[in-house]
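Input: structures, listed below.
Across the two complexes that follow, chain A remains constant while its partner is chain B and subsequently chain C.
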Partner chain A sequence: MTPEYKEVLTELLFQLADDDFIHAFRGSEWLGLAPHIEEDVAFSSINQDTMGHAVIYYKLLEDLGMGAADDLAHLRDASAFRNGVLLEFKNGSGEYLDSPQYDWAFTVVRHLFYDVYKKIKLEALKQSNYEPLANAARKILTEQTYHLMHWQTWFRQLMQSTEEARARMEQALLRCWEDMGGVLTYGQYGDEMTALGLIGSEEALKNTWLAEITKLFSEVDYKKPSDEPKMAHGNGRNGEHSADLDHALKILSEVYRSDSQASGW
Partner chain B sequence: MSQDQSTFYEEYEVFSRKKDGMPLEHRFSLLAPNAEMALILAKENFFRREPIADLWVVKRSNIRKMTQEERLAFGRLDKAYRETKGYADLVARWRAFKEKNGDQEVEIDDAGI
Partner chain C sequence: MSDQTVKEEILQVLQTVKDPELPTISIVELGMLEDVTVSSGVVNVTLLPTFSGCPALDLIENNVRSALVGLDGVKEVHVHFSFDPPWTTDRISPEGREQLKAFGIAPPPANHREGDPWVIECPYCGSDVVTMENLFGPTACRSILYCRSCRNPFEAMKPVARFDFEEK
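Entry: the complex of A and B
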């Protein structure tokens, strides 16, 4: 493995790991707050799965000598994170333990956008010339079908439900569109990732995502915004993040930082 | 949600099949606003740790159940002669029959039954 290959590979792995990790964390903040009890159980399960996917990627980084997986998840500064900014946004106003006014429509759309893309990306990663990554993608894909089905169902239902639901969903769609570009990009080493055979081209995957999302939109009679998905709040792949990521990291690493022994549990 | 909460959710009965070709088994019940939601919620609520090959959900109100009175229709007299177990004592009965008629010729033995 050449130093250049390793550098680009770790960059890609951090993107994959951090996307799933932060996304799963935000999802886990719905525990006990989801719209009804069966959804609460199903959503929590999905978040556990997704956290497990992050662990697989962090372990690949550990195997490359980047440090212990738990440390990578808990002890890095926000600027070292490579997740798309959309995934780090708070679920809504308030705090988990203090008057959470979370936005279910935003959560449904964010999860739909992300999971449609994640499936496309995993399919592409099956062809990666880094064998451990290709194997990880095959494994993770087995759970991805259900995750996607879950959010597609919520999306179709809320888009065709009451007027209020439709209005809230459309608002969430516009908001997610503003930053989905940050999920769809590979960041500054994108060309190298593809040239080195790690993953198919950013452009190809983005176009597949646009085609699949457009199809879903047309099912519920919604017109795709004419412009491309943007990254209004910065490019997380290059270490640019919102204050919401600091907020998330502070909460999720609180126990680990105060007593690393506790993480053994 | 503008709809009345008391009628928005309905009970669904959840059935699963362990493997293709195996019988469908009733497993659980859950609340959902429609069949699509019931299906995705059933999957993760009940089969997260258990492999299955197939999953069905049925709205409880669509099931024609029996009333307590109708269940009385299952009442019946003993009709053991309609079942194999009704003939379990045949060997003993033959023996008793032969003993009773010891002096007469009875061609059928136990093995011939």
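Entry: the complex of A and C
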């Protein structure tokens, strides 16, 4: 493995790990707050599974000598994180333990956008010339189908429900569109990732995502915004993040930072 | 004692290591055991995780180790998890499928392919007149259903198909 290959591979693995990790953390903040008990059970399982996907990628980084998986998840500064900014946003106003006014429509749309893309990306990663990554993608893909079904169901139902539901969903769609571009990008090393045979091109995957989302939109009679998905709050792939990421890291790593022995079981 | 004899003993003992979340079924019947090698008393066990977010993996690893440490001829035990090949539900043995039913869980279809319809039979009465209550049950690998025939709630293990083997 050349130093250049390793550097670019590491960037890609941090993007994959951090996307799943931060996304699963925000999902886990719905525990006990989801719209109904069945959703609470289902969403918890999904978050736990997604966290497991992050663990797989952090372990691959550990195997490359980047440090212990738990340390990578808990001890890096926000600027070292490579997740898309959309995934770090708070679920709504308030705090988990203090008047959480979380936005379910935003959560459904964010999960749908992300999970449609995650499946496309995993399909591409099956062809990666880094064999451990291709194996991980095959494994995760067997589960991703179920995650995606879950959010498609919510999306279709809420988009065709009451006027209020439709209005809230449309608002969430516009908000997620503003930053989905930051999930669809590979960041500054994108061209190298493709040239080195790690993953198919950013452009091709983005176009597949646009085609699949447009198809879902047309099923519920919604017109795709005419402009491209943007990254209004910065490019997380290059280490640009919102204050919401600091907020997330402070909470999720609180125990680990205070006593690293306390987090095992 | 020869390595081969030790290996046979180990395979027997692993039959007693159960999935912590499915206490009637062993990890062997569940199809998690991919490989066992014994070389001069050093044992390497390779397991395939079922669902990757499964929190029982650490427990299973420890249970495998404690079951094998102390056996005659065993000096060291190493447990590895691998994704190659990915675990799929067709690895569950016929005995494993029966034991899932005994635990109130409908086994996944035996030879599921991606895109196949998922026909689920009630583990209690065998009827397929059932309704899906929740795709994600108490664990990521299970769903919650209700049998319209015998009127029992039950769970079903999700099919995980070998959809991409031929490409590899």
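Just so we're on the same page, the second predicted complex is superposed on the first by the 265 of 265 C-alpha atoms of A that agree within 3 Å, B and C clash if a C-alpha of one lies under 4 Å from a C-alpha of the other, contacts with A are read in each partner's own complex, and residues count from 1 in each chain.
Here is the rule we use: a contact is a pair of C-beta atoms (placed from the backbone, for glycine too) under 8 Å apart; a residue touches a chain by one contact, two chains touch by 3 or more.
Bear in mind that the values here come from a model prediction, so they are computed numbers and not experimental data.
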Clash or fit: what happens to chain B and chain C when chain A is overlaid?
clash
Touched partner set for A:126, first chain B, second chain C, both or neither:
second
Chain B versus chain C, judged by how many residues of chain A each one touches
C
Using the superposition on chain A described above, determine whether A:55 touches chain B (first), chain C (second), both, or neither.
second
Could you look at A:36 and tell me whether it touches chain B, chain C, both or neither (first, second, both, neither)?
first
Which partner chains sit in contact with A:143 here, chain B, chain C, both or neither? Use first/second/both/neither.
second
Going by the contact rule set out at the top, does A:162 touch chain B (first), chain C (second), both, or neither?
first
Touching partner for A:45 - first (chain B), second (chain C), both, neither
both
Contact residues of chain A, present in both the chain B and the chain C interface
38, 41-42, 45-46, 146, 149-150
Touching residues (chain side chain A, partner chain B) in the complex
36-39, 41-42, 45-46, 146, 149-150, 153, 156-157, 162, 164-165
Contacting residues of chain C [partner chain A, same complex]:
49, 51-55, 58, 82-84, 86-88, 114, 133-140, 144, 158, 160-161, 163-164, 167-168
Which chain B residues qualify as touching chain A in the complex?
1-2, 9, 30-34, 36-37, 39-41, 43-45, 48
Would you pull the chain A residues touching chain C in the complex into a rising list?
38, 41-43, 45-46, 48-53, 55-56, 126, 135-136, 138-143, 145-146, 149-150, 265
